[in-house]
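Each of the next two complexes has chain A plus one other chain: chain B in the first, chain C in the second.
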Partner chain A sequence: MTAAAVAVPATGEGLAARRALRDARIRGVAFAVLGVIAVYLATSSFAIPASFSLWIQQQGGDSAVLQTTVGTLWVVAAVGSAIVAALQLIRGAAFRWRPWLFVVIAPWLLALLANLLSGKPAILTNVIAGSLELATPIAMAALAGILSERSGMLNIALEGKMLIGAFTASVVSSLVYITTGNVLLATIVGVAAAMAAAGLTGLLLAWLGIRHKVDQIIAGTVINIGAIGITNFIFLRVLQHNTEFNSPPSVEPMRLPLLADLPVIGPILFSAKPYVYVGYILVIFLTYMIYRTRWGLRLRASGEKPAAAGTVGINVLAIRYRAIFFAGLISGLAGSYLSLATAGSFQMEMTAGKGFIGLAAMIFGAWHPIGAFFAALVFGFADAVQSLLSILGVGVAPQLLASVPYVVTIVVVAGVVGRVRGPASAGQPYEQG
Partner chain B sequence: MRLELRDISKRFPGVLANDKISISADRGKVLGMLGENGAGKTTLMNILSGLYKPDSGQIFIDGEERVFNDPVGAIQAGVGMVHQHFMLVPVFDVVEAVALGAETVKDAVGTFDRAAARKRIVELSEQYKLDVDPDAKIQSLPVGVRQRVEIIKALYRHSDILVLDEPSAVLTPYETEELYTIIRSLAASGTTVIFITHKLNEVLEVADDIVVLRRGRVAGKADPKTATRQQLANMMVGRDVELIVPKGPAKPGEVVLHLEQVFVRDDRLEMAVNGVDLDVRAGEIVAIAGVQGNGQTELVEAITGLRSADSGSITIGGRHVEKSSPRGVSDLGVAHIPEDRGRDGLINPMTVAENYILDSYHKAPYSKNGVFDLKAVRERAAQGVKDFDIRTPSIDTTAGSLSGGNQQKVVVAREFSVPVQLVIAAQPTRGLDVGSIEYIHRRLVEQRDAGAAILIVSTELDEVLAVGDRIAVMFDGRIVGILTGDDATYENLGLLMGGASFGGGVAA
Partner chain C sequence: MNRLKAFLRRAAVPALSVVTALLVGAIVIVLTDFEALAEIGSDPARALFWVETVNGKTVISGALGGVVNAYGAMLSGAFGDPGRIITALQTGKERDIATAIRPLTETLVATMPLIFTGLAVAISFRAGMFNIGGGGQLMIGALGATITAIMLAGQVPSPVILIAALTVATLAGGFWGFIPGFLKARTGAHEVITTIMLNYIAALVVFFALRSPTLRAAGSTSPVSKNLSPIVDVPNIINLPNIRLDYGFVVALLMAVAVSWLLFRTTKGFELRASGFNLTAARYAGMSAGGSMMLAMALSGALAGMGGGFMVIGTVGQLTLDLSGSIGFTAIALALLAGLRPSGVVMAALLFGALTNGGKLMGVQSGIPFDLLVFIMALVIMFVAAPGLIRSIWRVKVAKPAPEIAAVTPTGAPTV
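After this line comes the complex of A and B, so read on.
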């Protein structure tokens, strides 16, 4: 019997409290089991060295190296799990366990990673910077999703709009580069064209969903399928034979003066491709706009209770059209990142579900730009670890490794998210009198 | 400001919703607008608030003609509307919900000047004693407070003419009293108030002038100082109505429903019903009075099998039903008129005929070997529509498109289409107009005289006093008193509903 069990009141709230206590015990046992597993894994792996390094100065400079063995890391993981399990079992239902999860998850992740690498060194700076780069298009898709859903429109079509953006960026940027030879101009015009194309696709979605009240899921699906069809067709018919139309100048990393020289965070945060900086700015800008401005107030009202906005004279439909258009611009930008900054050219179906993972990040981040950004980082991290492992040639099938980000998405959306609530009226057409 | 509507007409396909309506209200006065559902009250107010344009007619404010093209036009002219279904964003706090659409901004980006809005809301709240916390989330506020937020919302927009559409429909008696006080203080400070309702007491209580609408026209005007409830009711319905359905003394027989130490938990698993003992006999009507949320809903759900009781004994006609399914209870001859007919009584998108057989579709004559006998379904449903005077274009009309009164008649027709020994009617006349209330009460008394046991749950004192042979008052999950005969007065009921114990009653 624990102390909390004695304190259960015998009155009407008893049942709820008993359930909470039962859940608390189940969690405590689960943490304890994790600890036991970690101890078991530790026993056989003290012989395997593990090394993690972190650059203190910029690329190529000094680095701080953690040299240990995989066994030690498992012991740390076991201790972390044991502490949280003990706290959980002693404090019962009153224990605020969520923040403590970090103490369990972080050493477990490190140990797992070291175990998989089995002796090869891991450069954490690269992994984290890579996470950030990989998270950027996901975060942008999530921001586009937030804009739409906050206004009351479901935006399943993010995936298709990103694909159209990726395609347009590559082709337009290539054409401008061929004619002018100016890299900067080609990139800027390419990105602008990608945003415009995706923005217009957004307007098509809005027109179907608002004007014709087509079910927003179906309209979005139609756009996704249409985007795949059109881009594949042109790729196969034109781009494959005329590769010069699909060879845009690639977007290179840009070191921000001063900031990039900061130890540790300089190489991680401020030596990235410009897209990452645009991502930071968008997250902060949209957070301010949604929560602090008149525009944001009206946007949220349109998504939560459009009738309340309509009766005070707000044009709900105009707000929705605009939100979907802006969401299109952002998803076009995200798409251009894939072709200009990652792959260097357009490839068929190169979005590979990033738009949908963006929607998952939106939900995981509770429809808040900052939450969605960190959620996108989780997915980006999964992706970065996956590519680290496949580059270093771990003994796991590459197809299986490639599925890691998607598995993480499923686990996060199904398990961790639980009961977050989106805008109440998202997906419902609004009849404006 | 003085408001005058002159010869307003509005036609919708098939209906003349407003037919040359002329009304006026003076500055600082309360105009009570009375009418049944469908009399054209809401259409008229939607015209006044700029949501609809009239086909003909004029609106004058302080003698000057105004034309409203949209809600903004009406708001700018000083007309504020408090809708029956609140127009507040549930996840906003009070400041955001009130300022929405009338936000002041501080800079070029459009940053919302929250501090200024908050200051003004606090001022208005104090000035009119509305007692609203500006930082509370709307969804955490009780309905009475939400309504005051709606009033602040209108005042925030400098409305001098305030239109309240069925404001008491969602309020408890106590909250309604508070609302009257607020309306009087608004009028005293010069606001013109238009109070739309179908409840007779309310206009008599709070209005300075009364106008009665019927079928899109002004049926008459009345002075609350001299008018009686009966006169107003007749004017509303267009014939002589009986406000209190005549009934003879009850002839109680065998105990049909027997409750002993019943405990029931609510959705949050807290104890909502705390040991109720009650008998309902054949041939009597027992009314449970009480403010909403004192365990009545959970008690009814436990009796009808929709929720399982925590402990205690429930028998119907001598059979234990604590573990019965809703269908098991229904098969014992129990008619259930649920509290929320839109949620539990009808399936709105389905037709009248389908709703009519909802509780017996699986039995003869409607089904044979698992297949519908559509002919039998249609014949019986058509008969039900005729017997219960349900005004519907056809039995294939969806239930959701009928008026509230006719929807309730569909529920009652279905429940009374088979022989019943017990009727459980929760808020059977909520939201209904005088004519429909009369009809439903008459049917309940008929069932009583035919020998059924009737249990009515109502928050309306008029209703429990009109139909109850015995009145049990529920407070905090317990029956705190049972009143009969001369003890059953407004005062005694009010005291018990507020939690006081009463000497003549049975304290639980």
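After this line comes the complex of A and C, so read on.
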């Protein structure tokens, strides 16, 4: 203890280093505990068969079947956890554990799924593709959150903006479809309108936060509550009695040429709804924009140290306005997904916390688009498994299953898995001279 | 005189905020009245405002007329008909009096949980914690009271059940509030996200609990609990048929006094406010900021939970999934409107209680959905938080925003 104290002087830096080491140890022990639990679960489940099948070419075609036992899957999960635990404990704070998390989480979730299914066969292609679809709005919300927080604005209002997007998309798309009868045009105009509406809402948020210096949390709450109020109001007053205004043409899956023909992978990744592809593109595009362009550097500077950015001539407030506007566009897109591609119409309060879950994915992914995408995938998987289990009638109360994403969100936000540092100045108003 | 002036000055922003929000609400009513607006080309008078007499009754129609109808219904729903109350009191018939004063007492009934949750929000905001989980804390409190009442039914006398149910409600709500406080203090998890998530979880927990045949009303297919009034009931203030105003309202007022005393007359209250005002300074002065956060959130949840308890064993009489409704949002609006002062909370709760109660009649009579009020409440929060907007809309000089509102922004807050 004393030796360590001498080796690491108690300056700010040393304190941070010691804390990092402590966190690393806690993490290592946590991985090891996951491994032990997996071994324990394995001992009692070798008798239960597990059967997963994957479509090779397309839905309903030939399939590859993975025939094993639940116990074997738990052993794999235990091995994965043990490897990562060992690496973490040996390499300490220097260990880049985030990518390795995949080695722990993926087999664990698979084994858990098999255990819950208790012998019933499942089509893995559908589970993974379903996870991707359900993850898409969450990932988009996370991307919107990353954009605004990187610029220094907290964005609690994602939920409200998604709700407004979902509402606008459904109504506008229905109206265009009624007048022109053109499905493609209706969808495009509907999505564009949703993005514009949510973008404008974003500008309102930015205006309240920047011009009027309203606390960014309160401004976001205003938008969240206001969005619920106005969409419920119009739904009950107008849409309920005129259902034709709330019957948009639905967005159907689209097979990407060539890519969709790849065996096994094609049906999972490239036969989805177009939103999923837009999601892929956005993740790559934003990663490039944030880390590889001058604009991205300025964006990050505004979020980390706005005073310094302002000193070198960057217009911090303009950057923040623009970032919030783009974030609004993306959350509108995410919202339109809910009404056009999943439910087929607008329903009251249909976002059901997805905006906040998106924020959790953002934090879990350490404010990085790719990290956030994989974090969103975990939430999507939870959703997909939940619907699979309720279809198969597995004996877990649906209310308890439904609460899993919310509980995971709290766990993630609390940083139980590993604390990360966000943009330093997010949430603080900036006075531009 | 000067004190009156100071009060008016302080009340200017809240009052104008409510007025402006109601005006915007009116615009929304007009703009969504497509049936009336469709005639604007052919018959503008009929489309906008039209008064006629049908079968001896005055009927107002048109888009602007719709606003008159809606807000008129809200007013009479909230306060009743004064003429009728006077005649009823003169005749002295119990049933007539009850019917006449029912709107007024129902307003107080709607006010009761708003005082509890408004105080809950005020106490947490004072400590720099943006607790928007009042709805969930209320639900968990209500669930605790319901379970206690049903478990103890017939085993102990009803006053004991009353106290036990309220105690459990308070503790359960306090626990639900303590969780985000603890997480914020220990890990920095932002309370806005955790309290919202706990709202969803609370709704699912209540839904799950109402599956159990012990709690669910016999023979009911929808998730509602058994009727609790035969088991336990908070005594009524006025004993008239159909009047459900009970002593829960009095307790709510007492709680306002208690919160005021705690915040402004005790050391703990000073510490709470200090850590809300400036976390770093409070820490430097040797106060336990984390302790203040947890305490404030636990008290906040306890108040909301107690409100939920009074609802299920008093005014409402059973646990339903929509028990909390829009109470959680309303509480935020009214607490900010009140400048986070307990006395202000009571006044603002009366106002919002009147709106809530009147909003129900508005929904029935003029077909304007209740959710308009949720939108109006969002606007109220916005105007109170951005007094500059009010200043530029009404071209008035208003007092600087109360320091309490500024205190909601904790310095050096961890990122979300």
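The rule we apply is simple: the second predicted complex is superposed on the first by the 337 of 433 C-alpha atoms of A that agree within 3 Å, B and C clash if a C-alpha of one lies under 4 Å from a C-alpha of the other, contacts with A are read in each partner's own complex, and residues count from 1 in each chain.
Please note the rule applied: contacts are C-beta pairs under 8 Å (C-beta built on N, C-alpha and C of every residue); 3 or more make two chains touch, one makes a residue touch a chain.
Just so we're clear, the structure is a prediction, and the values are computed from it rather than from any experiment.
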Fill in: chain A as common anchor, with chain B and chain C clashing or fitting
fit
Worksheet item: In the superposed arrangement, which partner chain does A:L101 touch: chain B (first), chain C (second), both, or neither?
Response: neither
Discussion item. Applying the document's definition of touch, where does A:A219 land relative to chain B and chain C: first, second, both, or neither?
Written reply: second
Item to complete: Answer with first, second, both or neither: which of chain B and chain C does A:I90 touch in the superposed model?
Response: neither
Discussion item. Of the two partners chain B and chain C, which one touches more residues belonging to chain A?
Written reply: C
Discussion item. Under the stated touch criterion, which partner chain does A:I265 make contact with: chain B (first), chain C (second), both, or neither?
Written reply: neither
Practice prompt. Kindly classify A:A318 by the partners it touches after superposition: chain B alone (first), chain C alone (second), both, or neither?
Written response: neither
Discussion item. With both complexes overlaid on chain A, does A:A64 touch chain B (first), chain C (second), both or neither?
Written reply: neither
Item to complete: Figure out whether A:N232 sits in contact with chain B (first) or chain C (second), or with both, or with neither.
Response: second
Worksheet, complete the sentence: After superposing the two complexes, the shortest C-alpha distance between chain B and chain C, in Å, is 5
Response to the item:
Note: overlapping chain A surface for chain B and chain C spans 424
Worksheet item: What residues on chain A touch chain C, complex-wise?
Response: 149, 154, 156, 208, 211-212, 214-215, 217-223, 225-226, 228-230, 232-234, 236-238, 352-353, 356, 359-360, 363, 397, 399-400, 402-403, 406-407, 409-410, 413-416, 419, 422-424, 426-427
Worksheet item: Where on chain A is chain B touching in the complex?
Response: 11-13, 15-16, 288-289, 292-298, 300-301, 304-305, 307-314, 424, 433
Worksheet entry | Parts of chain C lying in touch with chain A, wherever the complex brings them together | 28, 32, 34, 130, 132, 183, 186-190, 192-194, 196-198, 200-201, 204-205, 207-208, 211, 329, 332-333, 336, 367-369, 371-379, 381-382, 385-386, 388-389, 408-409, 413, 415-416
Worksheet item: How about chain B: which of its residues touch chain A in the complex?
Response: 49, 51-52, 70-72, 75, 81, 83, 87-92, 96-97, 99-103, 105, 109-112, 153, 265, 268-271
